[in-house]
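In order of appearance the chains are A, B, C and D, and numbering begins at 1 in each one.
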Amino acid sequence: MRNKIHPTLDSAVGDIRDGARIMFGGFGGAGFPNNLIQALARKGTKDITAISNNCGTRDGELGLMFKNGQIRHVIASFPGPHSNYFQEKLAAKKVTLELVPQGILCERMRAAAAGLCAFYTTVGVGTEVAAGKEERTIEGKRCILEMPIHADYALIKAETADELGNLTYRLAARNFNPIMAMAATTTIVEVDEIVPVGAIKPEHVVTPAIFVHRIVQAKGVRYAG
Amino acid sequence: MPDKPRLTREQIAHRAAMELPDGAYVNLGWGIPNLIADYLPKNVEVYFHSENGILGMGRRARPGEEDYDLVDAMKVPVTLIPGASFFHQADAHLMSRGGHLDVAVLGGFQVSEKGDLANWKIPGAKGSGGIGGAMDIAAGAKKLIVCMEHTTREGSPKIVRQCTYPLTGLACVDTLVTDLAVIDVKPEGLILREIASGWDIEGLQKLTGAPLMSLGRAPEIKFL
Amino acid sequence: MRNKIHPTLDSAVGDIRDGARIMFGGFGGAGFPNNLIQALARKGTKDITAISNNCGTRDGELGLMFKNGQIRHVIASFPGPHSNYFQEKLAAKKVTLELVPQGILCERMRAAAAGLCAFYTTVGVGTEVAAGKEERTIEGKRCILEMPIHADYALIKAETADELGNLTYRLAARNFNPIMAMAATTTIVEVDEIVPVGAIKPEHVVTPAIFVHRIVQAKGVRYAG
Amino acid sequence: MPDKPRLTREQIAHRAAMELPDGAYVNLGWGIPNLIADYLPKNVEVYFHSENGILGMGRRARPGEEDYDLVDAMKVPVTLIPGASFFHQADAHLMSRGGHLDVAVLGGFQVSEKGDLANWKIPGAKGSGGIGGAMDIAAGAKKLIVCMEHTTREGSPKIVRQCTYPLTGLACVDTLVTDLAVIDVKPEGLILREIASGWDIEGLQKLTGAPLMSLGRAPEIKFL
């Protein structure tokens, strides 16, 4: 049996090299892998392409990554007015941004996860997000072509992992985490609790172990802001 | 010369709440729409969807009751009603984009006579801006209601022939609830359905950047 | 509150008109809506386009629909060697068939569910299923364009529904059922048990109630073959 | 003249089982691949995926133990190992098509020297035929192994320059395990890795419809 459990947060992110494409889970303060983000800050990986719904808050979530200047490019749907470190770096042209509608962000990650090459959607037609994208009419509807978003790593947060890597999530802390787990080449999860194999009922597994490559238990750091 | 009275934000929300049919699955956007849940008629039960993966959202959490793993799309701690469910964000947007929501209510900066919506970015505003879930919801809801003031603070019409603000979606708005009127967007144009107390269509037209039509004299907005 | 619960199987399928496009859940003997199928046989709806992985067995599952001559066109991945009534009708040209790779069948239904207009996939490139489909190369990969599969109805089987329509499934009887529930305009579910609202933990719901329009309790008829 | 001995179907399965790395997520197709689970080396733990939505499938159910809600892709009642999970069929094929399976093992009618696979339809066969999950799995697995007899019952090669049977996928096969050889499909061609006891490459080539290459003398197939 492959042992996926890492003893420390630092070992779990230990091989993430400069220039990596990384998905970061979480939405609205819930389900962010804050402890893994802090480990990545300690490691000092640079030139990251970050794929995340938000760009963090002053002190929380991805904020630290921008404060440290570790991120070069962002793919996000709502960077957020409180993402001050991101906004500063963007204004100073030290970070570039691709804005993506939230559902299309999910869908492009899922396309990567599912081995699809591209898809057509009506979302964004006639708006700024259609710029540079192929447009055509299908079944009478104007639609644009959207490409998969792949990543080298997903850093996610779950409530419980069993020792094989099956995951469950608490309440709305689920959000982007299961999608990113499926989409990235290597998925690293911080969890509140690791339980023995068999402790999660097979019908209750949300992210099957096949999508999880590294597990680390972390005391949750939470940011309400 | 003081203006005639307009609806408050709460009254706009109240009037919009009356558009929700019993049993509907509903997504409420930022701003005025977020006030709607407080004004549901007693005999109407609707199920609130949040694009972060909740169906069956209840009222906001009271002080001391907050659980920051249970927040709505505005990051505000909420509660659940019995029969709620959680799912991931892709399934949440499958619901919004795939025509599963009966009604979505969004805020708006501008709405065109064709029902184009601009609600995510003010030209020239500082910062990155952010789209969030609005484009998916605008594209996919069975019925899209926009709640907004009828004019900008400077008095310019927000209902226009052609949006000049960055667009959220084309021909997506079905109904407008403003502080002055309830207006349906139809293939033939903007149909005035109800008008605020003390106003007439001529006065309203002056504050509206696209032609309003009316089937007879539009009744006053009333609140259940 | 909308009452989704139907008193009888017959009332649950009562409005299904000739020519309807219907998805039928189930795979390998598990999770077939056998009681709803029998009700549809009693009703006698004709000229059905059936979307289902299999075409039933002699006595089971969709077999009855073919025996009765109720189905005109089939979209399936594996009609099956034991689908004798289907094979007879096909040989007699009384039924037409579109064969679709199983995962693409799922994905085309999901595209309908998710409001996507079309997608590109490498699956089927260079094979019979690519016939008549647009081909192009994306990121160096040959791929073909696949269209959503919509349906008027999904007839599915779940283990438990609460009174709002939240569903859970037993073991591998889940299979196609949640996908079809999302893809069809009207989803009709037969369940072993209807439980009170709140009896299913929100994290354990597999099909949220928004996708379920009619619920009927049925004693399960099961076919092992 | 009786032929030299060939591997039995069970021995093909046994040899293919030795290709599975510890911890791998694996899908086994119909036919010979379905026998592989019985031949896993003791120190190797793999997780079996079934396209009807199971990860962590165990052995087949014993008489009296059958539960017809728990069947594999062949409709045969199976069991679970601890740590199993269920998911819907779209997620099951997201796994197979999206490159999440470490190894898939399928049966084959024909394999070309480029790794094209034909395994779903015999030309001229009666009935509808059926694709099932084979095309998705062939397109998406990280490593695809095909298990089959080296020749048809009539003695014709099943390894060919160009498939004449309806295709399952293009350039998808990585390794072939037949009753006579283990062969890797490489950009430069078919590389003989191991050969059945008593056979040599010249004899094997006569039964193979495409050129075989070998790095030195290929060793005999041995069983762990």
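Following the convention adopted for this analysis, contacts are C-beta pairs under 8 Å (C-beta built on N, C-alpha and C of every residue); 3 or more make two chains touch, one makes a residue touch a chain.
No experiment lies behind these values; they were computed from the predicted model shown.
Annotation of subunit A and subunit D: jointly contacted by C, touch as defined at the top. The minimum number of touch steps linking subunit B to subunit D comes to 2. Once the centre of each chain is set as its mean CA position, subunit C and subunit D turn out to be 30 Å apart. With each centre defined as the average position of its C-alpha atoms, the distance from subunit B to subunit C rounds to 35 Å. Here the CA centre of subunit A is 33 Å from the CA centre of subunit C. Multi-chain contact residues of subunit A (touching two or more other chains): 107, 110, 114-116, 121-122, 169-171, 174, 202-203, 206. In subunit B, the residues that reach two or more other chains under the touch definition are 86-87, 93-94, 97, 139-140. Taken pair by pair, the chains that touch are A-B, A-C, A-D, B-C, C-D.
Within the complex, the subunit A residues that touch subunit D are 1-2, 110, 112-116, 162-164, 166, 182, 197-198, 200, 202-203, 205, 208-211.
On subunit B, the positions that touch subunit C within their shared complex are 22-23, 25, 45, 47, 49, 55-56, 80, 82-87, 91, 93-95, 97-101, 139-140. On subunit D, the positions that touch subunit C within their shared complex are 50-54, 66-75, 86-90, 92-94, 96-97, 116, 121, 126-137, 139-140, 166-170. By the touch criterion given at the top, residues 27-31, 53, 55, 76-81, 83, 86-87, 90-91, 97, 99-104, 106-107, 109-110, 121-129, 142, 169-179, 206, 222, 224 of subunit C touch subunit D in their complex.
Note for the complex: subunit A touches subunit C at residues 107, 111, 114-122, 138-139, 141, 143, 147, 168-171, 174, 202-204, 206.
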